[in-house]
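The first chain written gets the first letter, and so on, giving A, B, C and D; residue counts start at 1 in each chain.
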C-alpha cells in the first residue's frame, strides 16, 4: 500500500492524476491550512529485503491498481522514497525493546534532520497483529519504561513503533487494528510529548458502508434483527487475516460500529475469507434483516467490490496532512475528529459516518482558524 | 395503504404491536409535544364503491402485510374509520373545480366539527398522476381562484384536494410525486390561511437508501461515474407506474436527490417495472460505478426488498403528528424540516439523509419548546 | 417439515392447491406408473412430546409456509397422520441397538399391516448428525449384526433407523447428510432384503443452484478460480447447523458437487450461519470468481432466498413415490437415478443437474415400462 | 472484438496463454478433427479508416482485456491480419446490392487464393442492426437475386454479407442478432452452394446464465412467475444498443430462450442500458420470482460481471473451427448443433444449455468419425 501512496501522490503532484479519493483535497478542507501534497517527503520502516518500490509499482500497474504509465512517470519519486526506507523491527532481534525502539527513534530523527522537515508523521500500515493481552505496565508510563528497559516482550511490535514515534516527537496514526498506540501508558507519553495521535483500523469497505447505512435504520425506527457479512479478500492483507488470531482483531474492530449506532448488539456473523486469486481486490456482501411496521420482515443486501490499496492509499495522505496540521497547532493526545477514517476510533463513540464527517469538517475549520 | 395505517395505529394504541417504523415514537421526539397516537381519528376521501377497510385488512393479512390476528383485533377502529370515508373527486364530475373543491371542504369541516377535533391533517396517498403542465394561473392565487370558478381543468385532482385542504384550514401533506400543493398559488393560499404543508413523494425504498449512501461517496471524494437502478413493484402503485406518464413523475422525483448530493448529474437510468405477482412487495437493485485513487473503477450494488405499505404507513402517522404540532404552534408554508421523509422535499435542497434527520430533530426540539 | 409434507399433500389431493414443486406430477413422469398422491398414507417416528401436527400446521401458516386456510382444510388428514406417529429412538434408551431397532421394526410392520399398505418407504428427515467415525463392523453385515446385538454404540441413530427400515423390508431415503444407510454393511443388507435405498442430503438451495451453474463454466472452458458461499438460515435446521460438528457434515456434502463437476478442488469457503430471526427462510449468497480468454477475471454472484420446508416437502413426496415404484418393480440397492435430488448422491458421481434430470427421466421411463 | 480474437489466438498459439474460454480446446473436442488454432489465418471487412489492430490491441491492454505484454508479443500476427482487412459495405455506396456483394465476394475469393486456404469462414461481428422488415423476395432465392440485381435495398447489410459469403462458398456465422443469413432465400442459397451456416446472437452473459438456470426451475416443477433483467454495458456494443431500435433486435433474441425452456411466456422486462464509463465491461442483474409448494413465493437473483470481448472472442475461434470442419465433411444448411453458442439458434428449439452442450459433443464426435 505504501507504494500506491507514493505513486499516487507523485502522479497527483505532477498533475498526471486528479486527486480522486483524497478527502483533504475537497473544498471542505481548503481553509484548513494543511501542508500541500507537494510538501510531503516519504520514508519508512520495512522488513529487510523488501522489493524496491519501482518493482512493486510495476506489479501494481499490472494488477490495475495504479495506471500503467505511472511507474515510469514517477520513477524519481519512487527511488527517492526507497532511499529513505530503513529496516524495521526484526523478529528475534537482540537487545531490550527500549534498545530496539532507540534504533527506530534514531531513524526518525535522522530522517527529519537530513531532509530538513518540520515534522514527521508515522503511519502504521503493517500487517494486522493478533490481539495482544493487556499487562499491568500498559496502564502507566513509568512502569512501561521500566518494562521496556528490562528484557522481555512488554509490547507487540505495533506498540514499539508507536512508542518510538511518540518519543521522537512524531504524530502517530494506527491504520490497522493492531494494539499500536491504544494503551494508557502511550496516551500518557503522547500528552507529555505534546504529540497527537489517531486510530484505529481505517474503514475502506464493508464498515464504511455499514456506518453510512446503519443510521438510516435507526433514524427510521426500523428494527435491525440480524446483520451478516462475508468479506472475500486476496492480497497480503487477506493472507494475514486467514490467520484466525489476526482476523479476530479485525472482527472485534468491525463489530463495534453497529452496536454503537443501533444501541444494542445485533445478531449475525462477520466472515473474513482469504481468496488468493482476488489479488488486490476485496468483495463484501452484507445481508440486513430488519423489521418494519406491523412486524413485517424485510431485507437489504449490498455488495461492495473495491481495490484495497486504492481505497486506503489516499486516506494515508489525508491522515498525515491532518495530523501534521494538528501537531503544528499544538494538539496532543487522541484526535477524535479523525473518527471518520476509522472502524474503531480512539477516544470517541460516534460511528455514524455523516456525523463523523460533520465533526471532521468543523475541526478542519478550527484548524484553519488557528495561527 | 390507508388500511395499513389504521390497522397498525390501532394495534399500537392497544399495545398489540410495538411502534416499529414510527419515527415520532423514538426518544428523539419525546419532547416535541406531538399529539399522541391515541388522539388521532381517521377519515378520508376515497373512490366510490371501494371495499370496506375490514375486507381490505383481511387481504393485507393474507399477504403478510399486517399480522393475521390484527383485522379481528381492531375491527372496531376499522369500522369507525370506514364511517368517516366520503367519496372523493370523480372523473367527469359536473360543476366547476371550485364547486368540486367546496364539496371536499364541506366534508373536511364536517369531520372536524362532528368529531370535535382540534385540527385535521390531509395526507394525499392517492395513485401517482402524470406530470401536469404548468399554467399561468398556477403562479398567482387570484388568477387561480378565477380559473377554478370558471369551467375548465386548471388543476389536476391532487391540487384540487390540496386547495380544498388549505381552504378548510387543514395542513396538507403530499405523500406522492403528483403536483398537489407544489404551486406558487397554493403556497400563497397556505400562508394566507396560516396553514403549513409538506411534500413530496415519501421516500421508502431505493431513494431512502440512495440518500444514505450517496453522501458517503461525496465525503470520501470518490467519483461516482454512473448510478443505475431497477425497481420492481407489484400492487396498486406498480400498476399505476406501469403507465410511462405516471412513472415519469416518479423518476423526476427520484433523480433529483443524487444530483443535489453529488453536485452534478450522474449517468444511469432508473427503471420502474410493474411485476404483478410481487403484490405488496417491491425490490430495488442499484449499481453504482465509482472511481477511486489512481482512477481505479469500483462498484457498490444494493438490493432492497421491502413491503411498500409497511414502509409507508408509519410515515403517514409521523407526518400527520408533526404537521399537526406545527400547525398548533403557528407555522405556515412549507415545513422544510420534514425533508427527511421525502424524495423531493419542498422548499429545501438538503437531500443527505443524516443531515435531514438532524434538521428534523432540531426542529422537533423547537416544536417542543414552544407554548 | 413433515407437517408441511402432510398438509401440502392433503391440499393437493383435495384440489385445493396445484402440485407446484412436485417433480413427479409433471408430464415427464406421467408414464412411470407411480403410486398416486392419494394412495399415500403418512406415519412416522418422532421425539416424545412433540406438538401435534394441527398445532404445527398453524405455526407454519402464521409463518407463511402453508396457506392460512390450509390447517383447517386438512385437519382430518393431519389428525390421521398424528395417530400414526410413534416415539422414535431416545437418547440413553436402555437395551442393545438391536433391541432398539426391533422396536422400530415392529412399528413399521404394524403400520403396514394395520393400514393394509403394499409397502412403506422410510424417509429420514431428522436433524443432521455430526460425522460418525467409521468402524470395522460398518464394512460387513455379519460383523454389524454382532455389534448391534452386543452393548455399545456401533451406529449413529440415523443408521439404526436405516437398519430397521431395511430389516422391515422398507425402502429407505436419506434426506439429510447423516450417516444413515451409507455403510457397506447396510448396502449388503439392502441387497439381501431386495430393498432399494437412496440419499443423501436433499439439494434444495445453494447446491441446487451450484449444480445448475457449475456445468456452464465447465462447458464454456471458463476457469473457476474460487467459489465462496454464505448460507443464512433460521428454523430448526439452522439451530442444528449452528453446531460446528453438524455443519461439518453438511459442508462436506455441499462441497463434493463442485469438485466432481469441475474436475478439481476449487478455492473458497462455505459458511453456514444460524440467524434465528430468519425463521423458516434461508438465504444463500455465492460468489464465483472465474477466468476467461486472455486471463481476464470475471464474477458471477447469486442470492437464493427460499423457504426451506416449501422446497423440501415436495421432494419427500417425489422420493417416496419413486422409491415405492422401484421397490415394486424389484430394484434393490442404491437408486442412482435419484441423484437429481441429492447433494451427495449415493453410488453415482454425476452431479450436473441437467444430466441428473435426464438420467432420472430415462429411469422413470424404464419404471413405467416394467410390469 | 476482432482484435481480441487475433491477439488471443496468437498468444495461445505461441504458448504465451492457456486456451481458457476455448470450448474446442477441451478434451470433449479432441477427436473432432478440427483445424488447429495455428492453421487459422485472419482477415476481414471493416469500415474505412478503422485504427490498425496494433493500436486497438494497446487500448485493449490498457483496459485490461488482453494482457499488457500481449500487443508487443504478437505484433507480427496483428500486422499480418491488418494486411488482410478490406473496406466493407459503405452506407450510400453506389451500385446495386448485387454489385456491392460482388466486391465482397471478390475479396473473399482473393483472400482464399492468395493465402492458399482450404476454406474461409465468415463471422459477422459487426454492430447490431435494427430489425429489418420481411419482404416477399426474402422467401425465394430467385426473387431475391432479381431484387439484388435491381436498384433498391432488398437486404440489410448483414444479409448482403451473408449472401456474399454463401455465394463465395464460405460458411457463414451470425454472431449478432441482425437479420444476416436468417432468411429462407439465403437458406436455399446455402443448401444449393453446399455451405453450412449458423447463428444467431452469441450468448455470452445474461442469456448464457439464464439458459443454465431456467431448466432448473422446469425440472424441479417450480413455477417461474416473473423474470426481470437489467443489462448495463459500455463499449461499442453498448452505444449501439442505446438505440431503442437496435436493442429491440437484442431483446427479441434474449427473450426467446425463456419462453422455450419454461413452455410459456413469463412476465418481466429486460432492460439494456448504455453506461459509457463501463467500457469493455457489462453487468447483468436478473431477478427471478418463483413459486414453490403451497404457493410460497421465493426469489433467485444473480449478478454477472463480464468482459464482453473476453467472453465473445474465444467463441469466434470455436465457431470458425467447427464450421470449417462441418464444411469439410460436407454439411450444408443450418448447423443446429451449434445452438449451444447462440441466444436464438437457427433451426432448432432446444435452449437448455446443458442439453445444447450434449448435442454439440455428440455432433463433434460424428464430425471426428467422418473421413
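Heads up, the rule we're going with is that contacts are C-beta pairs under 8 Å (C-beta built on N, C-alpha and C of every residue); 3 or more make two chains touch, one makes a residue touch a chain.
Being a predicted model, the structure only gives us computed values, none of them experimental.
**Student:** Can you list every chain in contact with both subunit C and subunit D?
**Tutor:** Neighbours common to subunit C and subunit D are A, B.
**Student:** Between chain pairs A-C and B-C, which one is joined by a greater number of C-beta pairs in contact?
**Tutor:** When the contacts at A-C and B-C are counted, A-C has more.
**Student:** Taking the mean of the CA coordinates per chain, how far is subunit B from subunit C in Å?
**Tutor:** Here the centre of subunit C sits 49 Å away from the centre of subunit B.
**Student:** How many Å are there between the centre of subunit A and the centre of subunit B, using C-alpha atoms for each centre?
**Tutor:** Inter-chain centre distance comes to 43 Å.
**Student:** Any chance you could list the residues of subunit B touching two or more other chains?
**Tutor:** Residues 64, 299, 301, 303, 305.
**Student:** Where on subunit C is subunit B touching in the complex?
**Tutor:** 61-62, 64, 68, 303
**Student:** Applying the document's contact rule, which stretches of subunit D touch subunit C when the two form their complex?
**Tutor:** 4, 7-8, 11, 17, 19-23, 25-26, 64-67, 70, 208-209, 212-213, 215-216, 219-223, 291-296, 298-307, 310-311, 313-314, 340, 352-355, 357-358
**Student:** Looking at the complex, which residues from subunit A come into contact with subunit C?
**Tutor:** Touching subunit C: residues 225-226, 228, 230, 232, 267-269, 271, 273, 275-278, 283, 285, 287, 289, 291, 297, 299, 301, 303, 305 of subunit A.
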